[in-house]
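By written order: A, B, C and D. Residues from 1 in each chain.
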Amino acid sequence: MSIDDRDFRPVIAAFCCNWCSYAGADLAGSSRMKYPAEVKIIRVPCSCRVNPMFILRTFEKGADGVILCGCHPGDCHYSTGNYYTRRRMASLISLMEFVGLERGRVRVEWVSAAEGAKFAETMNEFVEHIRALGKNTRLEDLRCKN
Amino acid sequence: MQKIGVFVCHCGTNIAATVDVLRVVEAAAKEPGVVHAQDYPYMCSEAGQALIASAIRDKGLTGIVVCSCSPRMHEATFRKCAERAGLNPYMVEIANIREHCSWIHKDMEEATQKAIILARAAIAKVHLNTPLAAGHSQVTKRALVIGGGIAGIQTALDIAEAGYPVDIVEKNPSIGGRMAQLDKTFPTLDCSACILTPKMVEAAAHPNIRIFTYSEVERVTGFVGDFTVDIRKHARSVDMDKCTGCGLCQEKCPSRKTPDEFNRALGTRSAIYTPFAQAIPNVPVIDREHCIKFKTGKCGLCQTVCAAGAIDYTQSDEIVSEKYGAIVVATGFDTIKLDRFGEYAYDQSKDVITSLELERIMNAAGPTGGHLERLSDGRMPREMVFIQCVGSRCSDGRGKSYCSKICCMYTAKHAMLIRDKYPDVNVTVFYIDVRTPGKNFDEFYRRAVEQYGVNYIKGQVGKVAPLPDGRLRVSGSDLIDGKAVEITADMVVLATAIEPDPSARRLASMLTASIDTNDFLTEAHPKLRPVESPTAGVYLSGVSQGPKDIPETVSQAGACAAKVIGLLAKDRLTTNPCTAHSDQLLCNGCSACANVCPYGAISYEQREVNDHGVRGERRIAVVNNALCQGCGACTVTCPSGAMDLQGFSNRQLIAEVDAICR
Amino acid sequence: MKFSYYPGCTLKNKAKDLDRYARACAAALGIELIEPDDWQCCGGVYPLGKDEIAPKLAAVRVLADAAEQGNQLVTVCSACHHVLKRVNDDMKNDADTRERANRYMDLQRPYTGQTGVLHLLEVLRDRVGFDTLKEKVVNPLTGKKIGAYYGCLLLRPGDVMTLDDPENPRVMEDLIRALGAEPVVYPYRNECCGGYVSLGDKELTGRMCDRILESAVGFGAQMLLTACPLCMYNLRAHSDLPVYYFTELLAEALGVKEAAQ
Amino acid sequence: MSELTERIMEISGADPRKCMKCGKCTAACPVAGEMDIKPHQFASCLAKGQSDLLLSSNTLHKCLSCFACVERCPRDVRPGRLIDAVRQCVVRARGQAFLTPEEIPELLDDELPQQLLVSAFRRYRR
């Protein structure tokens, strides 16, 4: 491992639904559970608000990993939103694989408002995984960089 | 160009200890459009809010960003503050630099960098915010309480007393719940039925309360202030208006072998039955699964003996549809199944019982007439062993990881009552910890030890082995002496873990109320909003939210009622303006959005559209703002990108993404 | 029905009965048992240390051989069954063991826990079915009151063995019932007999066996049934009660005992 | 944490800090009466970092690895694995055995199954 690798600080965006996962992240915070500062959370009303285009945009902008968190299937605040998420993301993930992006740069996780520990664990694991994958060079669009 | 103010909160040291607040202010001030940036120790305080208000007024701010705790905590506070200062409340964004930053990181540099990025994202978003106006909706001034135990009864009584109509839905033939099954209550030892029955009667007689027993919630639609609920009233096969409650049918019923649920299946009941003598309503139901008439067509004895002519075999389930402003979940608990705890021999010996079964054995109306005896041979036990934490505090996947909270106290109660009534019976309690945090609780437990001579052994039991002579060898450990001990007992009582009633899970999905990994309903905030669900208009009462004893349940039921009354007292509610809308120039009327909308909020209109000078009539999606809840499903489904969501627009979210990746 | 069959070292020596009757019963029930050409002792105990690889390799070899044949692997000895199932579980679920074992073994194809390991009792219950078995019984053991003795290795740890409820098992009782006899359920049937401690401390194993036997006799057992040669050794040393391998009574009921001898 | 404690946790893959001190392991152990240090005390000594106390315990040779403690532990501490890990630390360090091959012949009898010998040897020496 080169020095550069060790210093690699991935950019990771986490889309969290307001009702479950964002609250789960809050609980992780108020319980003082640690996870890496690389993770930046974007609040959305429901995981189904996340357009696959947002995720592609995030990668174009140079993010190394994107994680989308919503309520557990069956527990969606809007009844069915996360079912749409599940279907859309399954397609997106196969598409990303098809175009040659490393497996695992996009992840979908269900985290409830009560699962602060799961949120922290998931983030620790995801960041670790992205660190192992290294920098996202395949989708990054230099023209999009400021 | 917006004129943006950024306000960075120290939250005492909660934020400032890990985030260099001044550097965040400095960095924010350099962002385009930011004309004002400052920090303050407590932004949510009156003085902090005054700072924000004066900055809005003095500098003519058009949008503000508050870098502070979670928006779930204080977004509403800062929106109100902005409104008071003349700024549209939806021109406020929060950067969560506490829960999502200072509290989870240790390194100051790292946390400060992250806080700056979160602030930038919020600034980028607020640039694209537009003033929004909240709409209004009506409030149906009636509440629904699901579950007719002490939690549901107390909540219903308190709401009814405030003058609002309440319906209680109870799945069993009578209200009363678990408390009706208890013999005595701690820490005063008063008789459970004696203090519960008057409340049941009061609820039944209250002009504002309707009780649907033998009924279940089937469907819930709508939202806070305007729920529509379908209630299935199971066919009772007895006419509630005609029945006089004489009980003759139950006496004459020839089918008597059904396990009696009220007595935890320790005894049997007739097929036509009321669960217990003080049942409310005092009208029996026919259990069709066990009724001879329904099974074979031959019998009809109850109909013959009923002088009031109340028996009606032709009744069928009925669906009642009603509107409610608020819904209270009070579905209570059951004890866990013990099939994964074979070491305690619950399935192998009749004399190993759960504490709830002991309640029935100790109760005068129970299967043994209140006489303490072994269920195997009817003999009086001489040596009794209680085992605590059976299935509670288990993180190995067999039981529940939480403490069931009530077991230490009811075990002390049982031990004390037995020693009081039968001084010759030796009582040993195996415990891991005795937990008695409650008024007069520890004193109560100590009385069991000091006054009643109950033998408390600190240690868990490893095996209960039935012996050929019918007794039970209990192998436990005594941690104070550091050794293994064995007691030959006549009866073993298991303080079995409690879990939410199985109906809670189904109900939670119907109500879109969140539920935790143990199936307890989640509260909106664990400390500050303990009786509200995160789903507006849904409230939590009793054990459905977490383990509780009776005093706590009653307090929570009252608190829950106060919240419901607060809601029903309003004539109208402001609605969330963060709703979807379609761009009529982009919409091609394909119906994709309407297909995914869970609220039926999208319809189509023929509209005259001027598309770059070309006039024509088009089919356009129209969102009903009163129905739209703002999930955003339609925005992603729309193939032409015509649908967008106010407050979380495509451009706003992309601005946040860009700011984070910068 | 065709399975790879691992007898284990004890069944080739002191516990020949357990093996002989197992083969005879399998044949009578239309089960083909194929013994691999060369196998080694499984080690008798499962190595508990997470860093121990070498003592697991003999088991991996047998498992990998069954995988090559495309068979599931059947055993009758409690100890072999215990070791094989647990090593297989490691090969399936513990990446470190899997990787290191494969590096040592230099197999044609890497082994990743794909072989299903079954105790003969599981085959009887889940493949043959006790109802079918009952129909094949020619000498029902009517009137016999039999206590099943499971011991520790067969059942625990329950999440890996998955043979039965580790605290309140019933597979042997169901077998006894299928053979026409009456099972005697007694609470100490899943408590340890003392195992290999009897090598140095016969007194201790004596006390442990006494407790088991006292319980079995107390509930009316006239004989005991076991699947483990070590349990057999310890129980016989301390009991007047006859102790049989389950395969022997099965052979008797199926009418193949004489022929097997 | 001492190096020894760390080694024991690594070899056992079990975590004594999960223990809630209920004593169910000792209660479930069929030979707890013979042990100088009981199974629950193993977990607590390790959690406190007093692992050296355990090295000379007779528990190392009394434990049958029957897994009653492992099966019944409500916190998934797996005391049986902890005991075995300590035992391994002892035999690995000492390079000598509780039982030597020379001692074996006089312990044998005609009925003794091979399984017993193999098991005992695996457990008692390395």
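By our rule, a residue touches a chain if its C-beta (ideal position, glycine included) is under 8 Å from a C-beta of that chain, and two chains touch if they have at least 3 such contacts.
Everything numeric in this text was worked out from a predicted model, so none of it was measured.
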- Note on the structure: Most heavily contacting pair of chains is A-B
- Message: Report the inter-centroid distance (CA atoms only) between subunit A and subunit D in whole Å.
- Response: 44
- State, to the nearest whole Å, the distance from the C-alpha centre of subunit A to the C-alpha centre of subunit C. 48
- For subunit C paired with subunit D, centre-to-centre distance based on mean C-alpha positions, whole Å: 24
- Task: Can you tell me which residues of subunit C touch two or more of the remaining chains?
- Result: 166-167, 191
- Multi-chain contacts in subunit D: which residues touch at least two other chains? 68, 72
- Going through subunit B residue by residue, note those that touch at least 2 other chains and give them in order. 343, 463
- Please categorise the chain-chain contact pattern as a line, ring, star, complete graph or other. other
- Message: Strictly by the criterion at the top, what is the full list of touching chain pairs?
- Response: A-B, B-C, B-D, C-D
- Which residues, counting only subunit B, touch subunit D once they are in their complex? 343, 389, 393-399, 432, 458-463, 475-479, 482-484
- Item | subunit B residues within the subunit A interface of the complex | 70-73, 96, 98-101, 103-107, 110-111, 113-114, 117-118, 121, 508-509, 512, 514-517, 522, 534-535, 578, 596, 598, 629-633, 635-637, 645, 648, 650, 653-654, 656-658, 660-662
- Task: Enumerate the contact residues on subunit C facing subunit B in the complex.
- Result: 165-168, 185, 187-188, 191, 215, 218-220
- Query: How about subunit D: which of its residues touch subunit C in the complex?
  - Reply: 10-13, 30-31, 34, 62, 64-68, 70-72, 80-81, 84-85, 88, 99, 107, 111-120, 122-123
- Message: So in the complex, the part of subunit D that touches subunit B is made up of which residues?
- Response: 18, 20-29, 32-33, 38, 40-41, 68, 72-76
